[in-house]
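As written, the chain order gives the labels A, B, C, D and E, with residue 1 at the start of each chain.
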Amino acid sequence: MNVSLDKQYLPSERYKRHAAYLAVLAVVIIGLCSYFKFEPLLFISDFHYMADLVVEMTPPNFEVLWRKEKIFASILQTLSMAFLGTLAGGAVAMGLAFLAARNTTPHPAVGAVIRTLLAIERVIPSLVILLLFLIAVGLGPFAGMLSLAVGTIGMFGKLFANAIEGAEKEPIDAVHSVGASKLQVIRYAVIPQVLPSFIANLFYAFDINLRAAIGLGVFGGAGVGYEISMAMRLVRYRDALALICFTILLVFAVEKLSDWLRSRALGQDLLK
Amino acid sequence: MGANTARLLSFQILARMIDVRQITKSTKEGVPILKGISFTVTKGEFVGILGPSGAGKTLTMRCLNGLTRPTSGEVLFTDHEHNLVNLTHARGRELRKARRQIGVIFQGFNLVKRLSAIDNVMIGQLGRINLLRSLVYGFTDDEARQALAVLEHLNVAHLAHRPVGSLSGGEQQRVAIARAIYQQPAVMLADEPIANLDPTNARKIMQILTPLAKEMPIIGVFHQPDLVMEFCTRIIALKEGVVVRDGDSKMTRSELVDLYGAELSEIEASQRILQPA
Amino acid sequence: GRSEEQSDGNPKKLRFGLLVAQETEQTYERLDVLTNYFTKQLGREVEFLQITTPSAMIEAMRAKKIEVAGGTGAFTYLVASKAIGAEAIATTTAADGNVRYYKSCLITNPNSGLKSMEDVVKNAGKITMSWAYPTSTSGHLVPRYYLQKRGIKPEDFKEVFTSTDHTATLFSVTSGRVDVAAIMYATLDRFLKIGKVKPGSVRVIWESEPIAPGPVFVRKDLDPALKKQIQQAYTNVAKADPNAMEALQAQFTYSMSYIPATDSLYASLRQMANQIEGLTLEEE
Amino acid sequence: MKQDTPWTYSGYRRRQTLRIWTIALVIGFCAYWAGVSCKVDVDALRTGLPKGIDFLGYLFPPDWTAFADMAMPALETILLAFLATIFGAFLSLFFGLAAASNIAPRWLRNLSRFLLATERSLPEIVILLLLISALGLGPFPGVIAMAFGCIGMLGRLFSDAIEEINPATLESIESVGARRWQVITYGVLPQVLPSLLANTIFRFEVNIRLSVLLGAVGAGGIGFQLYYSFQTLQYQRATTAILITLLLVFVSERLSDYVRKKLTLDARL
Amino acid sequence: MGANTARLLSFQILARMIDVRQITKSTKEGVPILKGISFTVTKGEFVGILGPSGAGKTLTMRCLNGLTRPTSGEVLFTDHEHNLVNLTHARGRELRKARRQIGVIFQGFNLVKRLSAIDNVMIGQLGRINLLRSLVYGFTDDEARQALAVLEHLNVAHLAHRPVGSLSGGEQQRVAIARAIYQQPAVMLADEPIANLDPTNARKIMQILTPLAKEMPIIGVFHQPDLVMEFCTRIIALKEGVVVRDGDSKMTRSELVDLYGAELSEIEASQRILQPA
């Protein structure tokens, strides 16, 4: 045999190298942990406090759900807020994502500018955005919806762009090679590929916005958010937990819907 | 130089639809892969490119379409309207316009797996149809009928609405060929267009390509010297990034042995297995 | 482990949980100065932890992870005393005896045409109203009790909102998006002082009686002597260490001083809360 | 067989168009009623926006003197966010694998998707309270809470990425008789590595921005500084905190770009 | 029935390493694709499967490896230790154990594009090595050397460290073959293993496979009847999901015409292009 493996590619060498990286990482982590005085043993020695709290929080007091008759109306409003916020924010985010992603941007400079804007948008605290809209349109679900939309743009603009950049190159090459314009390449080679992840991300955005909207429900004065926040502050954990269970149900339902739509878009090609 | 000579010269230049001038290509690390390739292709030619695996055939094809930019050298392309485009430098609109006239069949097919076969074929016309329509509406019935006719011609019309990802290898290959034909280009580049096809289908494809080549030059990469010699009008042989032969469609035995190595002689033995009836 | 050494009534190290909230001006700055001061006064190690959520503070105290809590509003103290039996030991007051500052008020936008409480009572059905946030003492509890006494329930308004904090409340009034809002007077005062709100752009239509500001409170199982010591450390701070006093004073718009506090100081607030639906501290 | 109704493109297009219009109409209908229930008022937005933007004026100019106060919290935030991201990403990887339909059996997938959804809908404060009662206040519970917060997001993003892997490649590894874990190490991880890292670094950025969570358990950080400045109405000080956060976010974005560039396989010359 | 007969019978069964019994496969919509395929393969055979594109060759291969579960019928596999495994029903451990002994070369290669060529080859041994080691340690130096030797044998050792995604079509194909060989299976399934290779390399692969087939039966799908007739010991012809011929390695002209259609006769003409020197 006249070809032999370079030393650096020998599995044992590779292993040593990886072990070294891991060791450095471990040292850094352990160093940081001890610098910040982590005490994992507390999990054992003080576990009873946690157990006490869990006991105090359970069982959820589902009575609250029907005691407050306005809750179901407020859920509708919460859902509306989240839905519109996702729709508006998601649409803008999607458009910007195509401008930001490196493989679809009309010009690298445009991409860089959009990415920068998205980053700036993300760091503006949601409190500031909320205040801005509170002042502009007053308290109420509309302000909440607007701030959700803006929040969605920053975060999902980036996630959508990540998805676009992950699209396979070959079909894109092929569509380019028939002389299609950038928009056509996007429409015929990129979108079919990223559709499943777009759907998943859109529902994920809805899911995040739903929770945020529940938080913003404080506005309404009688919504789930208001009740959860009241219950938590009054140390009525059982009531809070009942409402939280309800939220979990809602979020899980959204998740299932997303799954179903996405599996249709993913399409199973191979006969199993 | 008289006006006549000038016209003649320009005619000669125009007849050269693809003019590859000393292109080289190296990897980022500087390993040369194409080491100065030159040839010209004129109207009416059906060029077969032969060469061992890894010779740089696919890379050359990519340069001819502007998907890869050569490290040095240039590729000139004369389109239907006799505009000369330098594919090595062209960008944006100009490149798009040129590509519209260059059909490509890729080695790995490069189809959009989640679209149906017919949609993949119609993608071939994207460069020609109105942008707005292509974005919002898609294609017309007429276009679909034409695309279907091409698929029909290639025996895969019954698969038109299946997502391409679920087709068999040979079926995908034929869809890729259909896309390039449907594109109605001025030049066609075909990278191993019949590799995944059975002998009859392969032959049929060659029979379809041959008359097409009269209209638009076809440059094809093949691994079947026999078919190339039968159908092509010219054979270019590539080895290790260099053109080792460029000439008519009859390669001599020694040329073939030069290209593929001495083991080739064994191939001969297998060539008369099918005894006449 | 660590918890045993802390669980007797006389821990070696005292941990102060400090809530950062708008509700009181008791936000602590220059923690190093304060750490020094309290270490010296209490004769043991002291740690300051700044927290942003009231329930975190209550649970930390329940699990014996902090001994002293400060910076909360009165309402949070009421909850803590109910849930874990926390004991108030000190609170703030204006040093000059002026009680103008910690109280609640109702404000309107001058353009709303509402000039007095009578206008509000009369036109309740046409008015939008906003509380500061659900568990605010000055921005919800007190004004709501007052309105209740005047015979107006939240349902009587055209619409009632709950804002996220005093700032948002103030700005929704100045921008004219809400007709009437309840707010802590000190917040308004502060904005007027720094000039971010112009005097003509809000009208105060009602001011409450002075409210007991949120106390410093301690875990109930601490050694009584230690509780006393902590109380004294607060009440003596102005005399004992002007530097520390300055740090404690940082966010007040007026000069204040610490005075001893007992639970009785908060009895009336507790009563108010128990009479308001949704805020009662009793089991419903 | 369905051969009797011949397939036509116009029919196919009609069906497609019908489907798209149906979806659009349903969404439009929902959006309309959602708009009614949210009291959408575009006029109010148009007239009010200038006032809102006026308010942004309060944030300027930044109070640079606060910079010194914030350098240390910023550094701590980075370190804590780093730890939390590593722990969180590590945990999320397992959740992500368990929640991917092409790796995990159906029951496991449903279970872990449910757990992920639960984690995402559980308000942070509940988790914080549990952690505080066991671990007390300080950076330790902060990091654990932050790591825990990663799971809902990263677990989901990871599993989505894994589900989009080309199934043929996984089959080819299964076909040598490899165990599931081997398929994961040799087939799944190399392929999703770029998106794994991109999402992890993105979460690192989110953690920096969410460091107000650390404030909730008394661990300080740049997020706490921001919160503190807002609560004490020192808006210009808040701006400084925002700008520092922005800087950190940019750095992590650059990092992400760099890593991605290293990892993207530029297969084609 | 005496003990002897029983032993003899069981021996016959054992010699049949792959026993395909009346498998059918339909799509979800109920369109039949395989319509009852039966054959058995015993030790020492090199079976060539021929058939037009879309005949169901790839699907049959997938059934032989348990990747696709037939709608009806079953596939029995006798492994090295003479255990009989029903691939149609086997699951989990049992299926894994069986698959370890079945090497597959896929039509589209299906390599892990981001791993290096040598890693892809070593994946072939995953079924055999200790789970823990394969997770943390990876492979041993020895294994790497063996994998390199296989690559060397196939002329691609110099590409060992390149990510597979950057290799040319033929190079990828050879890496896929290397993986299957390195796996040291009891049976090898090869789906168009030489489609993307030039004549010399293709021939070389066939020459490598032929002696291997003595040890482990090889079932290969090919589109080159000439090579199949030369190297294989048996030819199975598939058409529209049915076995239309199963017999020795000499196909008559009429058989070929039956299989590929009448156009085939033209192929003959192209078969004597290489004149003897």
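Operating definition for what follows: a contact is a pair of C-beta atoms (placed from the backbone, for glycine too) under 8 Å apart; a residue touches a chain by one contact, two chains touch by 3 or more.
A quick note: this is a predicted structure, and the numbers were derived from the prediction, not measured.
Touching chain B and chain E at once are the following chains: A, D.
Of all chain pairs, the one linked by the largest number of contacting C-beta pairs is A-D.
With centres taken as mean Cα positions, chain B sits 45 Å from chain A.
Mean C-alpha position of chain A lies 4 Å from that of chain D. The centroid of the Cα atoms in chain B and the matching centroid in chain C are 79 Å apart. Of all residues in chain A, those touching 2 or more other chains are 39, 42, 46, 49, 52-53, 127, 131, 134-138, 140, 173, 232, 269-271, listed in ascending order. Counting partners per residue, chain D has 48, 51-52, 55, 125, 129, 133-136, 138, 168, 171, 230, 267-268 as the residues that reach two or more other chains.
Shown for chain B are the residues in touch with two or more other chains, namely 67, 108.
Two chains count as a pair here when they touch; such pairs are A-B, A-C, A-D, A-E, B-D, B-E, C-D, D-E.
Chain A makes touch with chain E in their complex at residues 1-6, 9-12, 14-15, 270-272. Chain C meets chain A in the complex at residues 1-3, 54-55, 58-59, 62-64, 76, 79, 82-83, 128, 130-131, 133-135, 154, 159-164, 167-168, 171-172, 175, 177-178, 278-279, 281. Chain B makes touch with chain E in their complex at residues 50-54, 58, 107-108, 168-171, 173-174, 192, 195-204, 223-227, 229-230, 253-254, 256, 260-261, 263-264, 266-277.
Interface residues of chain E, counted against chain A in their complex, comprise 25, 27, 33, 59, 62, 67-69, 116, 118, 137-141, 143-145, 148-149, 152, 157-158, 160-161.
Contacts from chain D toward chain A in the complex involve residues 27, 30-31, 33-35, 37-41, 44-45, 48-49, 51-56, 59, 79-80, 82-83, 86, 101, 113-114, 117-118, 120-123, 125-126, 129-131, 133-136, 138-140, 143, 156-157, 160-161, 163-164, 167-168, 171, 194-195, 198-199, 202, 205-206, 209, 226, 230, 238, 242, 245-246, 249-250, 253, 260, 267-268.
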